[in-house]
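Chain naming follows the written order as A, B and C, and within any one chain the residues start at number 1.
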Amino acid sequence: MSENKENSVCSAQDVTQMLKRIAFEIADRNSASEKLVLIGVLTRGVSLARRLQKIISTASGRELPLGILDITLYRDDLSIATHHPVVRKTEIPFSLDGVTVILIDDVLYTGRTVRAAMDSLIDFGRPQSIQLAVLVDRGCHELPIAADFVGVRVPASPQDRVMVRVAESDGFDKVTVMPRNSIPQDSTSGEE
Amino acid sequence: MSNNNSSLLLKNARLIDAGQNLDEKADILLVAGKVAEIGASINSTAATVLDLDGAWVMPGAIDMHVHLREPGFEHKETILTGARAAVAGGFTSIACMANTKPVNDSAAVTRFILEQARLAPAKVLPIAAISKGMQGEELVEMGDLVAAGAVAFSEDGKTVADSKLLRHALEYASLFNKPLLCHCQDNALFANGVIHEGVISAAHGLEGIPTLAEDLDIARTIMLAEYLDVPVHICHVSSKEGVRLIKSAKERGVKVTAEVTPHHLFLDERAVVDLAYGETLDESLKPEQLCYNTATKMSPPLRSAADVSALRQALADGTLDAIATDHAPHEATEKAVEYDLAPFGVVGLETAVALSLRLVQEKVLTPLELSARLSLTPAAILGLDDRGTLAVGKAADLMIIDPELQWIVDPGKFYSKARNTPFTGWQMSGRVIKTIVDGEIVFTL
Amino acid sequence: MGFKRKDLLGTRDLSALEIRSLLESAESFKEIAERPLKKVPALRGKTVINLFFEPSTRTRTSFEIAAKRLSADAVNMSASTSSVVKGESLLDTVDNIQAMAPDIIVIRHKFVGAAHLIAGRVGARVVNAGDGANEHPTQALLDLLTISEHKKLEPGLTVAIIGDIAHSRVARSNIWALLTLGITVRVCAPPTMLPRGLDKIPGVVVCARPEAALAGVDVVMMLRIQLERQDRMLFPSIRDYARIFGLNRQRLELAAPDAIVMHPGPMNRGVEITSEVADSDRAVILNQVSNGVALRMAVLFLLGGQGHE
């Protein structure tokens, strides 16, 4: 990995701080809603959702149900996907009817993952509302989608790649920006 | 072939002729369609001279087992196209089987075949059916057929299931000194089989044809010939046990002869699921479908590796007398179907001699033995006194071989109408470069 | 890596990795059947043609449901409605189908190699849903998926396959897949239904009697006996077959105490399997059916979701 080309945006400490803030905002905004659930988008969205669940639980004693969403089957770019699609298990062990869903992902970029995730959630039931929480909003949205909770905004061009690494899958927390052409082929981390 | 007075002098040949037990450097003079002289150095001012520069000269190959499809199936092959394929492969005489439409069971059909063959570059020898319409019920008029030109009798493609009918056929044919060429197969055991019953049929669920289906009928046929003390010829032997039966019969003095095809000598059951097995195929010709390619479907089927080695051994020791192609042309669309539905049979005229040369390269046969299996013995079995050897006075039917010529089997270049060969893309070493029939060059590469 | 072939023609040449990757994907698809809305848009706009030259209700339905749950347009063509009855060749039939630009063709045919023949011909992905007695890969994979719910698919496991092995594509596809995973396979059939040469295939243990095949096994797969074969002298009577080869309570006791019983269906109750066994808690026959849909969804998705190279 060409570390020298990676431009670190957030340290592990920053990530922890951002998650704490997001957790606080989620709890604050939804203090009135009884049915609040967290749903993480595989893979890193799930790690972040688990952390938010823990922070909220510690801070307020509120135990929020957590679901896992794989959006592969809802993607709109399957036929142009260059890599091989891997379908993982969606686990939403509760009804979505009438609940407020906090959808959690690591990066908001084109908005297509969020679109797919919303389509999927709506097939599961009729949530009262869906709110979006992301660690990084890097701009360049291609769909009219905006996040309700954002850890950090990183204005990046399409030539850049914004990578979120989380301890659960990558061994450490970090947000970096690097030019797309310097990304090694076997890199699997980050970005939708 | 026309009798002519032209003469051809082949100089600096390596003459390989089992009939004279000759394998030496020689000049050969052909005059008026016959071999006129053989010598270390012949000079003739009248003759056209061909300097062969060490190329092999062998008696023209004689294929005692081909299907020319005419009359009735001219979309597969005609007598003319089949004969062109023959001379392109080194065959100067070909005996054609009776399963045409109508069946060659009458003098009229035999005469038709000979009439069509007048323009053919090879000598075509009609084989008549044993029973009328090949129905296995009534004998054909053998005397009439022999008078019309039939050289042998065969129900090839089928067996004569009725042992009494087969007995009478053997007895009656012996009156004319004409052999019966028996396709040995027990129909009930053959059933709906499509490939050899063995490890491949077991693994792939294709219906198997047990060697037993062949062996049982070879045993019956030999016992009939032994009992009646008449000659009989077994077509396309494919099994180890068949070989053993023939060998032991010969040792007892039974007048049995037998043939084997090149495909049974070079391919085994594995080819059904991997046409390229063991062979490096030319990339540009490599068939798209290597598994279940219908070019591997024939009867009898490609057997086990053990059977193949037994056949090679038997060909070397003379238990198997002749190499015959069982040239069985089919139209491409007829073979482009499910394996079960494809007709049995592969073409062989344009690859047989080259494959036979490979038997020499692989030290299975000596060049002299090859000459015997391809020419001398087939001529003897069919009672053709005027050919099969290049002794002075015999017909000037011969093939000239470049034993080192490298070439690749490309069915697109076949003279045959059909392309159904399992040898597509094979790299060959050695090829017939000229074929001469009755002293005339009928094929030049 | 995972499953990246153009076609799924058989299990014979699948690697252990490919098999495990297919099973893993299928595992993810099981959950869709439990959703209120059992449909995902993954193959929206793709066309799946079920080309069935042999009557089959359950396999065809299973593929149809799988395709529809993936939002593909599934079209069924059966031999009786196609032009096959008019004497058209298989390749002509598929050329015509190809001209309609399907993405996936699922084919069931009575002859070995039919799927291979068309796979070489068409650009569409081909799934073999049974070719003669050769292969039925999705059945074997769903069987493995079902086994994996109860047992670990790894060396040490022993599976007995009992019935008409000679004419069974289910048996063959299972044998190849199980052997590839290093699982011990015992086969048992009347000698008339045991293909000659099978014992020469490395890894296959041939047992003459069901008692020997069943002793201590973890999984019992009973095959459907085709009653019409009786006419072909393969067994003297159904009664005789049931008596010697049928799976009943007493015979099942020879197997491991936690052995599971499978059957690809449709069952002949009282012939190859007694109702007592088929309806017992040891039988996982209906799980096989449910898993069939998930497995076929995975296969269709992995083939149909791929980009065209």
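FYI, contacts are C-beta pairs under 8 Å (C-beta built on N, C-alpha and C of every residue); 3 or more make two chains touch, one makes a residue touch a chain.
Just so it is clear, the model here is predicted, and its values are computed rather than measured.
Engineer: So how do the chains connect up here, line, ring, star, complete, or something else (other)?
Structural biologist: Shape of the chain contacts: a line, open at both ends.
Engineer: Measuring from the mean of all protein Cα atoms shown, which chain centre lies nearest?
Structural biologist: C
Engineer: Could you work out how far the Cα centre of subunit B sits from that of subunit C, in whole Å?
Structural biologist: Chain centroid spacing, subunit B to subunit C, equals 45 Å.
Engineer: Between subunit A and subunit B, what distance separates the C-alpha centroids? Give it in angstrom.
Structural biologist: 75
Engineer: Quick one: subunit A and subunit C, Cα centre-to-centre, how many Å?
Structural biologist: The separation of the two C-alpha centroids amounts to 40 Å.
Engineer: Touching subunit C in the complex: which residues of subunit B?
Structural biologist: The contact residues of subunit B facing subunit C are 197-206, 208, 210, 288-289, 291-292, 333, 336-341.
Engineer: Given the complex with subunit C, which residues does subunit A contribute to the contact?
Structural biologist: For subunit A paired with subunit C, touching residues are 70, 72-75, 78-82, 84-91, 119-120, 123-125.
Engineer: Using the touch definition up top, name the residues of subunit C that touch subunit A in the complex.
Structural biologist: Its residues touching subunit A are 1-2, 4, 25, 27-29, 31, 35-37, 39-42, 70, 298, 301-302, 305-308.
Engineer: In the complex, go through subunit C and note every residue touching subunit B.
Structural biologist: 12, 89-91, 109, 111-114, 116-117, 120, 132-135, 166-169, 172, 195-198, 200-201
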